[in-house]
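Notes for the one structure printed next.
Labels run A, B, C and D following the written order; every chain starts at residue 1.
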Amino acid sequence: MSILIDKQTRVLVQGITGREGLFHASQMMDYGTQVVAGVTPGKGGDWVLEGKIPVFDTVERALAATGANCSVLFVPARFVMDAMFEAADAGVPLVICITEGVPIQDMMKVRRYLDQEGVRLVGPNCPGLLTPGESKVGIIPGHITDPGSIGVVSRSGTLTYEVLYALQLRGLGVSTCVGIGGDPINGTGFTDVLQMFEDDPHTEAVVMIGEIGGSEEERAAEFISSSMTKPVVGFIAGRSAPPGKRMGHAGAIIEAGSGMAADKIAALQSAGVRVAEHPEAIPALLS
Amino acid sequence: MSILIDKQTRVLVQGITGREGLFHASQMMDYGTQVVAGVTPGKGGDWVLEGKIPVFDTVERALAATGANCSVLFVPARFVMDAMFEAADAGVPLVICITEGVPIQDMMKVRRYLDQEGVRLVGPNCPGLLTPGESKVGIIPGHITDPGSIGVVSRSGTLTYEVLYALQLRGLGVSTCVGIGGDPINGTGFTDVLQMFEDDPHTEAVVMIGEIGGSEEERAAEFISSSMTKPVVGFIAGRSAPPGKRMGHAGAIIEAGSGMAADKIAALQSAGVRVAEHPEAIPALLS
Amino acid sequence: MKLHEYQSKQLFAEHGVPIPRGEVAETPAQVRAIAEQLGGSVAVKSQVLVGGRGKAGGIRLAKSPEEAEQLAAAILELEINGLPVRKVLVDEASEIVTEIYLGVTNDRTQGTPVIIASAEGGIEIEEVARDHPEKIVRAWVDPLIGLRDYQARNLAAAMELPRQHWGEFSRMARGLFDTYWSLDATLAEINPLVITREEKLLALDGKIVLDDNALYRHPELEELRDLDEEAPSEREARGHGLSYVKLDGNIGCLVNGAGLAMATMDVIKGLGGEPANFLDIGGGADAEKVAAAIQIILSDPDVHAMMFNIFGGITRCDEVARGILMALEEVSREVYLVTRLVGTNEELGRRILAEAKMDTASSLVEAAEMVIAASKVSVSE
Amino acid sequence: MKLHEYQSKQLFAEHGVPIPRGEVAETPAQVRAIAEQLGGSVAVKSQVLVGGRGKAGGIRLAKSPEEAEQLAAAILELEINGLPVRKVLVDEASEIVTEIYLGVTNDRTQGTPVIIASAEGGIEIEEVARDHPEKIVRAWVDPLIGLRDYQARNLAAAMELPRQHWGEFSRMARGLFDTYWSLDATLAEINPLVITREEKLLALDGKIVLDDNALYRHPELEELRDLDEEAPSEREARGHGLSYVKLDGNIGCLVNGAGLAMATMDVIKGLGGEPANFLDIGGGADAEKVAAAIQIILSDPDVHAMMFNIFGGITRCDEVARGILMALEEVSREVYLVTRLVGTNEELGRRILAEAKMDTASSLVEAAEMVIAASKVSVSE
């Protein structure tokens, strides 16, 4: 069992003929993901990846022809707002946006619209989802994690891989790994995913990887305290970051004295979360 | 019994210090409507209508102080979109817009927003609502109709009064009269009101007054045919109107061969509606 | 408010929609000069605010400036559906390969703008809708977001437009929507949108209808109003805040409320009379407004009798009656008049009119019968 | 990207927000000339992209052009929080009666813009939020609709602003929001917004931060970038598409991924080392990009040791190792380097580095310990 994606998930790749889109579509297929279609306007009728995947001009046509129920976007930042609107309007219930560098105003519009239309969005600027042994939708390397009962949710990319790898080294498997992305305004948040893990019978414990900036970790701590029964282990990146400087991710910035790692760690700890000193220390806290 | 408004309805008047707003607020109070507050930005703290009605600067404050659950708008057309947004955002569940001359683009925005927020809008460019003996919200003259079991729904103003008066002369009373307004894009439509009358145990028959333009009467006919058990009597104004000319109401225009009275009458008749030759012939068709 | 083709196309161009090179002229000599400047074949197109220009000979192609001048002379003599041709647009002629329809209007049912496109351009879209509904594609636009790029592209795909034109077609659709939206139009239409032999896309003909209620936001557009194209009586009515439409009959109608005014006309027509106009004086009409309305009705020489139908509602009928009498004092021409008054103090109102020797009626049908009888008498006189 | 006060206020003014008359100068003589032209008292305000200008003596009032010249001379000698003052804004002085705060930013939790206002202006809004949270009023703006007029008015009402100022305050709030929205700002702030003795409302100080990701939509704003205000190494990193932040330590860090880069710094710091920088080379970094990153790290003379932490993921570690070796060939300065490589073919990658006599580590902690030890050796040398 898992959350959000599994073997049945039928994946559409928006921007499939781009370099990134094509490479990761191939990686997803190799992992066993049911990649059923791609969309690139103007390239409808082509077939890619050894002629296995049909390309459509529009999401609407791709859905009609293939019954895709999840779309992953490798569309350049300038066009990705439109691509997300298109996915939502065509009726895709789950949209995973890998693209980074999306303007904040675009994200505000998209989030408001997708919320109102009941479309779940993960990302942008995220590595996507992985349900080990079943499906990967995005760019998380498949071989660094195995099926199991730990749910992982993270604002980061490679730091998440680091954690998956550390878990793998200790023989700990994962139910689903969700990268929610490092932008200040995104779709699915920590709390949404924690709720899903709490409800998923096959997830026994959760690892939550946060970072400086915003107050999502604090709200997650409140949720954990009030609504979670499963154990949660946390890690917060950016304890050594100075205020006022953006640490790579658009969302990773300590502003006006808020968003500091120390506050987040304290909030999580007071919610009963065991917070690791460094990523490699996480597995030990799960036992 | 009635639909939409009754004795318990607590009415806020937006634009209460204007000439129209003040006059009709007074008329509503005389009828027995619970007018509880007015709003005119910049006039908060005043009291109007012999010191009985407090005026507030914002809808939010008016609601907090008086618990109004319905707002009627006598706000000039240029400002009424904003006033409707304000009412919706403050949590008013029923908004009645009397104002005429509202730009279509404004109405498209408002309707989309209010629909999405679950706010019921009646109007614009409508005479409002009247539940005889209980409450009137708008400008329908109170003395031309009595309590009873006929539901009345209309796109028109004085033509509605004509019908109410004709019913009164024959001793036929009304459960609720709803003026949905003569604009091409408005809130509540015929079908919505027909559904409410169908569900209202005290309404026994319905009079529906349509006019040329659009296809709302045709859709109402479909609804009547598929979903109504109560008898419906109809009247369509504009049989003698030429195509391409706007007959007063922004919505009353035969365009490109559609919206003609003859088509509407035919649709209603084939749905089992008895269609009157003229307004004064309506009462006879109800018996 | 309707705009001329040349005005509409100019506004499209300002929003990035390509249009043919061209200019407006009022004399054959001007047409010749413009044609010479454009160098080559031109289209000479009458600018009148009615349909059917083509069938009426109001659109002609000229191979030379001389021919353009001759054709313009003929066109400027035309009267199309009752409207004299005062101006022509002289456009560079295009070699047309494909004709497409592209329009935006408001969808009353959905409450949103809708873009309509069809590979069957060049004819009325209603005709296509009737004969080949499958050839029409639509996209509804969320009024809180506006047209999304993918929607414009999807239209091109749905129309099966050759792929090399998708980009340009999408730009034109966005430009058309921008025009519609930024000007508060109720209709913005390119018909035909052509693909030329040089593979260029052009708005060959254009039409814009503006939302009168939103004109206050666009004072610059008010200047585009062509006063010549409006009946003087309708223009004057607009100035007085009255809603007036001239018809072909001989019974003048003055009613408060648009729905009731239509119903009044319907009753007259139903009983064998011929209404001369639609006139809604609106709510709370005072003596001055009534007087203006009467003048406008009587400016139509065909009017032989009048019927006033006033549902007082909250207004007191005795006040209405006095208003009518005051208004009539200012009117010179005398025709038969019957007044039907209903509402508060209606008996008193009718008594006031009766004392002034005016006919009154208590029901709509009764009043209609009286005015019809009078109109027939007048006609037979 | 942060804008200067004078740039921000100019942009506000273009969106209808009233600002004091004033001009920018770079020399005391220019300041005197501007003050003479403004005729009367002026404020001389240093233009540096850091806070605390007032406390540092970077904002002074002058009663005469001579005084303005003298003060400007002093201010142009200042260095505020490490940044030399190169420009001053000379503004007409205002007689201030009331100071208000008004700002727009994006609310990360709600995912919408939020307007924040307070009758307690002139001080940092965070201070007000801490000490008098009840004095802060907010309005969230629907990103699909934009600021509604009633919201601006409601802010004025909620702040208990005297009623005669509601209209002007609402206009300023709308102008501020328009600025924020049309420029893709992440912050637009007027602090203080003053009411003068003449009952006029003015944006006395202003601040705009732009969304770097949206700058492509506003090429004209890119020209407002003050290159002097950015560390040269950070500017160069930006040019290479690298995300680099200089810190005070001596251990250079090169990591792929922002989260992992922060975690790497944290581990170094946690084990007693001092990171010299944050550097994220992003995904799929090739040799050229790695070389540029190394150059930037080593341009900091404090760097005595380096740690590379690369989580290969899908990328093959042997390729990464070769890229590192190629990159290092182009670097002249030699400092200790330990590389940690994880991912596909990690053993092969580590072997390639080992053969080139490079230290490698398999865990993050191990790598950190190695680089810290080396950094201390280097320092003690």
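Basically, contacts are C-beta pairs under 8 Å (C-beta built on N, C-alpha and C of every residue); 3 or more make two chains touch, one makes a residue touch a chain.
Just so it is clear, the model here is predicted, and its values are computed rather than measured.
Chains that count as touching both subunit B and subunit C, per the definition above, are D.
Averaged C-alpha coordinates give centres for subunit A and subunit B that are 48 Å from one another. Here the CA centre of subunit A is 55 Å from the CA centre of subunit C. Averaged C-alpha coordinates put the centre of subunit A at 27 Å from the centre of subunit D. Across the assembly, subunit B contributes 109, 113 as residues in contact with two or more other chains. The set of subunit C residues that touch two or more partner chains comprises 142, 144-145.
Taken as a contact graph, with one node per protein chain and an edge wherever two chains touch, the assembly fits none of the named shapes, being neither a line, a ring, a star nor a complete graph. Taken together, the chains touch in the following pairs: A-C, A-D, B-C, B-D, C-D. Contact residues of subunit C toward subunit A in the complex are 142, 145, 148-150, 153-154, 157, 163, 166.
Those residues of subunit C whose C-beta lies close enough to touch subunit D in the complex are 144-145. Only residues 106, 108-109, 111-113, 124-126, 142-144, 181, 184, 186, 211-214, 216-217, 243, 245, 247, 255-263, 265-270, 275, 278, 280, 283, 311-314, 342-344, 363-365 of subunit C touch subunit B when the two sit together in their complex. Residues 27, 77-78, 101-109, 111-113, 115, 139-141, 143-144, 154-162, 165, 182, 184-185, 209, 211-212, 214-216, 219, 235, 237-242, 245-252, 256-257, 261, 277-280 of subunit A are the ones touching subunit D in the complex. Remark: subunit B residues 41-42, 44, 57-61, 79, 82-83, 85-86, 89, 109, 113 touch subunit D in the complex.
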